[in-house]
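Some structures to go through are shown next.
Look for chain A in each of the two complexes below; its partner is chain B in the first and chain C in the second.
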Partner chain A sequence: MEFLFYFGDVFTPFNFGLLLLGTVFGLIFGATPGLSPTMTVALAIPFTFKLEPAAGLILLGALYTSTVAGGAVSAILLRIPGAPANIATTLDGNAMAAKGEGAKALQLSFLASLVGGLLGVFLLIAVTEPLSRWALAFGPSELFWIAILGVTIIGSLDGGSLVKGLLSGCIGMWLATIGFDDMLGAQRFVFHPSLGGGINIIAALIGLFAIPQVITMFAGGRVDAAAEVIKVQKHRISDAIRELMRRKRAAGIGTIVGSIIGLIPGVGGQIAGLVAYDQAKKLSPERDKFGTGHSEGVIAAESANNAMVGPSLVPLLTLSIPGSPTAAVLLGGLLIHGIFPGPDLFVNHANVAWTFINSMLVGQILMCVIGLYISGVAAKIAQVPKHVMAAVVLALAVFGSYSVQTSMGDVYVMLSLGVMMYFLERFGFSAAPLVLGLILGPIAEENFAQGAMIANATDGLGPYFLTGGMNLVLIALVIASIAYSAWMELRSRRYISKEEIIQ
Partner chain B sequence: MSDLSLPRVQHIVASGVVALVGVWVTYLSFTQHPSEAYVFPRLIATVFVVLAVWTFIKACLGWTKVGNGLSGAHFIRLLPGLFITMIYVFWMAKGLGFYTATTIAFFILLTLYDPAPHGAVLSWVKRVIITAVFLAVMYGLFALLLKVYTPREIFF
Partner chain C sequence: MRNVIAGAALALMGMTGAALADGHANYPDRPVMMVVSYGAGGATDFQARIVTMTAGNEDALGMPIAILNKPGAGGRVGWNWFATQAEPDGYTLSAYNVPHFIAQSIKGGVEYSTDSFEPIANWGADPAVFVVAADSPMNSMTDVVDFAKANPGKLTFSGAGLFVGHHIAALQLEKAAGVKMAYIPTKGGGAAAMKAVIAGDVMGGVNNLSDAFRAREAGSVKILGVFDLERNAFMEDVPTLMEQGFDVDNASVNFRGVMVPKGTPQGIIDKLAATVPTMFENKRVAGKMKAGGSPMHIMNREEVQAMWAKREETLKELLAGL
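Presenting the complex of A and B:
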């Protein structure tokens, strides 16, 4: 119940103002196709430099929560998922809107997001602190394997190819070694003065997530791609609440599936929404209505993708392993304030951790209330032409990456990585494992070096890193994540693209 | 090898470039000094090069299933934007000053990709207004609120 002590910090005028701001902008950005939650949070990090750590995290957390929910607006009214997490919402949400039930679909999506989101954050509260206390017992060898596990899980589960996912993770880990070696102070792989201090993680995050989107918008050419917004008719919120109560099973399935999937690093909201939709359909007596504008489809998908938000932060806050690309960006937001998540976060920075988590709880309620009122406006803003959006995002990326250390070198690194990532993505590589490699690389190296020193003084490298109960469990998990992904790839069942759903 | 399609050739080239980078990283990791500083990079580079070469072999054998490659039409459409972006970041921002460079690049990008006919006067007015409003917001955010000192150079 320690979190209750820090509840008041969320309601200081400044923090609450930031929470409101983050929620409103998150809903609008979330509703804008092409602006993913990860990219939105990455672009917002430079705005948190001048803020206190807790205030900065409140802003980032509010953006994360509300971009996921806001993505439902364009999924329902434009038939374009605002984020991958909203793909499943498109299936029935847009069909409802086409039948003249757009307002009802929007209300149900925000109410279901609230239910799932609240329970997801409660799970985060319940699980995080005990897990972090348990993680205090980890030594360098366990932390090394945990970092490797973080990269292999995301590398093998994210994207379409196991080998390319793992290769992306390796590229990220190699990029993390550029610059000064912490132990000997030697410069490594510095082939341009901009890289002298290594690759700045914030500039890299902005480049890797924002620039490929900008180039993708350029590649769309001079087309008027603004989708038509389906007009909504008024619908009473009380009726939507009653409908949600009637569809408890769908909300329950969505919340449980989303929470469980959120806890697994690397799986993400897209899978949560689709799995919950599929399960709700299988267990519904009205399964024939799914896909034709059935409210259960919207409820299951939206409760799942928001239930995933809280638990997806558990690996980050307890083990310093970001469970998703957005969590990796949040880790960047923590690191710039000198806060390193992991076992001692709740010991040394309990106020920051709990204020952040509490703000996500309050943010879920704000997201629902504000979302119900501004979803129509958000859908209009979501129609901003792609060429304007591309130019805006590019300028924000340049200014944002420059402001990290007021260094042009960071801007060069940001653009170079972004352009490289665009072309790599065209050939099946994925940004998420690369980012995880970049973030977890230094953790893995530091613990490898510390472990090597201990090993040299004791039994040697092999016994130190490859024996011991926890090491063996972690190694087994690394192997299992790769083997599972290889098996799934052989079955060719695991990938569904946004385009396939829309078609 | 006569049935090489464009995407397959592209996959071979792309994975070949990645494999070359992998080989180069591995070479550097095993030859640079002090060698103690390269213990971890050697570990990573070994896995990197194995996976990269495996990806290259898969591409050569036509086993690559993921990734659509880049069509000529796509490439031609993105080229002007990418070119302006490169000029903006690598030369204009430092040479002319951040805000001047951003204004020019922003306006050129809007003009290049605006679906409205370029002969329409109204579309030019619209783009000028959008550019002015956006730059005012950026100046307010970064110069006044966040107090980020950006390179001023020749202009502003």
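Presenting the complex of A and C:
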């Protein structure tokens, strides 16, 4: 309960002002496509040079928590996931916005973020020590199986066909191989200088989700634009809270999955939302509604990606190992003030460490309050005529993909992937499995290659990948997940064939 | 009207001519950009932002330096861009990492070599060190080499990728000790390599001195040797490889500094070479670098030119067999 003693430091006028500033800017940057949490925090580091250590970290902590939540805004309203964390949010969130329920989707996403975020930070406060050992339990073989487990959820991300889902997953994995391979020192499929660094995940996300929609909107022309203006329904915050209470299961699954996965160095943040979405869908009686604008989808995804924020800092704060790119940037923010994270961080720099953690708690609440306040207004974006909207989204997509690495190459990649996705979507493929392949492919490959090198030098491939408690548990989960998908597929197929017989 | 335009054009030409003639006395008259070939928040980016923060001072360039990140493929994307697309007008600088870019140019597949760039000054030197987990039975480099001799190819040790300082250090160690070990490159940079050591995924690792220093403070690793010519001020107690009887020099030390593209006017190079080292010597810069655990090592243009040439020679020899 030591953290309570340091709450006063958060509420000094100057620090609280910084916290408010960080939250507002974080929401804005998070909602801007291409400005990922990592980049926002990195850009803010120079501003902390002149601040006191605690004040500087308050700013960084507030920015981190609110950019993760702010990413939901563009995911829901524009169908542009600001970061990999928000992919799952687009699936149901954007469908809700299209039905005119944008305000409800935004309110739920901010509330779910608050629930997940608070619990995640409490977890960080309460059980830091055991958690740090858990974070280290994942070696190359375990991470390889985690990535494979991630691939098995492809089936539930694509509402239509399992085969098409798997196929787009494969396309994603192939795209991920492009570029220079650091493990073997070889160049693969680099047929244009823009691809030298591989396909940037954020540029790809923007292209795959936003561009097909832009093309569809342009294809509609502007004659009938006035005819189908969406009526944006008002939604009371109290109703949103009641809705969240009714969807306890989704919020619970999101929070638990997010916290556990967030701990795994290098993997967590990217897939927490997707895995939580998948689990919430499998365990929900209304699983058929997922993907059509179902509130549980938004709640699970958003509670997971904010629940991951606290635990993702555990390896950094206890072992001095940054477990995610954002944590690496925060490490820079600590070092600049001469603070070395490690087991004695909470002894040597108690006021700074606890003030930082407290600022994330208060930041979560501020983020939620401000987010709820803007939800109603922001949802009106859906009323913008489609041809205008298409132009705005296109401009944001180009700006966003350029700003990731200040490179025109990323813009070309974004546009070509977007056009490709437009045609794929017309043939019934969807973007989410493709993106999952793009994210998990390199994780699986890298850890397999690394594991294989270690295995060949020590006990051999079989024992390395197939023995050990954690490996066996993960393999069992992979088999269960595949069996479940196969069973669901067979069941629905039998159902259809019966119908056909009747006809 | 036409005369006015022609007159204005002539006047403009006259002005640029004057600027060229006076040896770029006005340089820089607008903010300068510096390309960093690694992502925002990485060690190179972090240090580049600190050492350039006083560029706007009157005694430095008098104009701020803005950092532009062009990450990808271990730095190749940024340096390729810098060698082929950057304007050689003095307004586009780049950070360099030696031995990375030299080793990459020797291995091929990139559009640059040491001849594509003109060094300006060096700001930092981060030596590689050999680390093992805190509970490892190995306590010196001799223990490590003895184990490797008894179990050829079975000693696994991590490092950040291929053809970077860590990899060079690994190759030098194998060559000097005459043993075969299993170098395991990681993708997530030094942090992932360090995690592999602490978690026990591998038996040891090569890592950055600054990161290893922090990990040792945190009680998770032991540092067995420094891949440099002399001991480091951050850890006086750790002997160099040379002291432990292995012929390993400072070829793997990660030197960071500033360069410009080939073809930049000599006047501008001279001006930068004179101002930039003094900019690095600023007290505030030194204070921030020390706080961040980043060892500084300021070298002027001539020293860097000599260092590049020497490095290229050593690396060509070392990488010839790969």
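Keep this in mind: the second predicted complex is superposed on the first by the 269 of 503 C-alpha atoms of A that agree within 3 Å, B and C clash if a C-alpha of one lies under 4 Å from a C-alpha of the other, contacts with A are read in each partner's own complex, and residues count from 1 in each chain.
The rule is simple: a contact is a pair of C-beta atoms (placed from the backbone, for glycine too) under 8 Å apart; a residue touches a chain by one contact, two chains touch by 3 or more.
Just so it is clear, the model here is predicted, and its values are computed rather than measured.
**Q** Thinking of the overlay built on chain A, is A:G338 touched by chain B (first), by chain C (second), by both, or by neither?
**A** second
**Q** Once the structures are superposed on A, label A:M183 by its partner contacts, choosing first (chain B), second (chain C), both or neither.
**A** After superposing on A, A:M183 lies in contact with both chain B and chain C.
**Q** Could you tell me if A:A328 is touching chain B, chain C, both of them or neither one (first, second, both, neither)?
**A** second
**Q** Once chain A of both complexes is superposed, is A:A444 in touch with chain B (first), chain C (second), both, or neither?
**A** In the superposed model, A:A444 contacts chain B only, not chain C.
**Q** Counting only touches as set out at the top, which of chain B and chain C does A:F49 meet: first, second, both, neither?
**A** Once the two structures are laid over each other on A, A:F49 reaches both partners.
**Q** Is A:T406 contacted by the first partner chain B, the second partner chain C, both or neither?
**A** Touch status of A:T406: both partners.
**Q** Which of the two partners, first being chain B and second being chain C, lies in contact with A:K164: first, second, both, or neither?
**A** first
**Q** Looking at the overlay, what does A:V392 touch: chain B (first), chain C (second), both, or neither?
**A** First partner only.
**Q** Looking at the overlay, does A:I148 come into contact with chain B only (first), chain C only (second), both, or neither?
**A** So A:I148 meets neither chain B nor chain C here.
**Q** Considering each complex separately, which residues of chain A are in contact with chain B in the first and with chain C in the second?
**A** 46, 49, 183-184, 406
**Q** For the complex, which residues does chain C have touching chain A?
**A** Touch list, chain C to chain A: 39-42, 45-46, 49-50, 53, 68-74, 76-77, 80-81, 107, 109, 153-156, 161-163, 182, 184-188, 191-192, 194-196, 198-202, 214-215, 217-220, 288, 290-293.
**Q** Which of the residues in chain B come into contact with chain A in the complex?
**A** For this pair, the touching residues of chain B are 10-11, 14-15, 18, 25, 28, 32, 34, 36-41, 43-45, 47-48, 51-52, 54-55, 58, 64-70, 74-75, 77-78, 80-82, 85-86, 88-90, 93-94, 98, 102, 105-106, 109-110, 112-115, 130, 134, 138, 141-142, 146-151.
**Q** What residues of chain A sit close enough to touch chain B in their complex?
**A** Counting only chain A, the residues touching chain B are 46-47, 49-50, 159-161, 163-164, 166-167, 170-171, 173-174, 177, 181, 183-184, 186, 188-189, 214-215, 217-224, 385-388, 390-392, 394-396, 398-399, 402-403, 406, 408, 411-412, 415, 419, 423-429, 441, 444-445, 448-449, 452, 495.
**Q** Given the complex with chain C, which residues does chain A contribute to the contact?
**A** Against chain C, chain A makes touches at 38-39, 41-43, 45-46, 49, 136-140, 179-180, 182-185, 187, 193, 196-198, 200, 265-266, 315, 318-323, 325, 328-329, 332, 335-338, 340-344, 405-407, 442, 446, 450, 453-454, 456-458.
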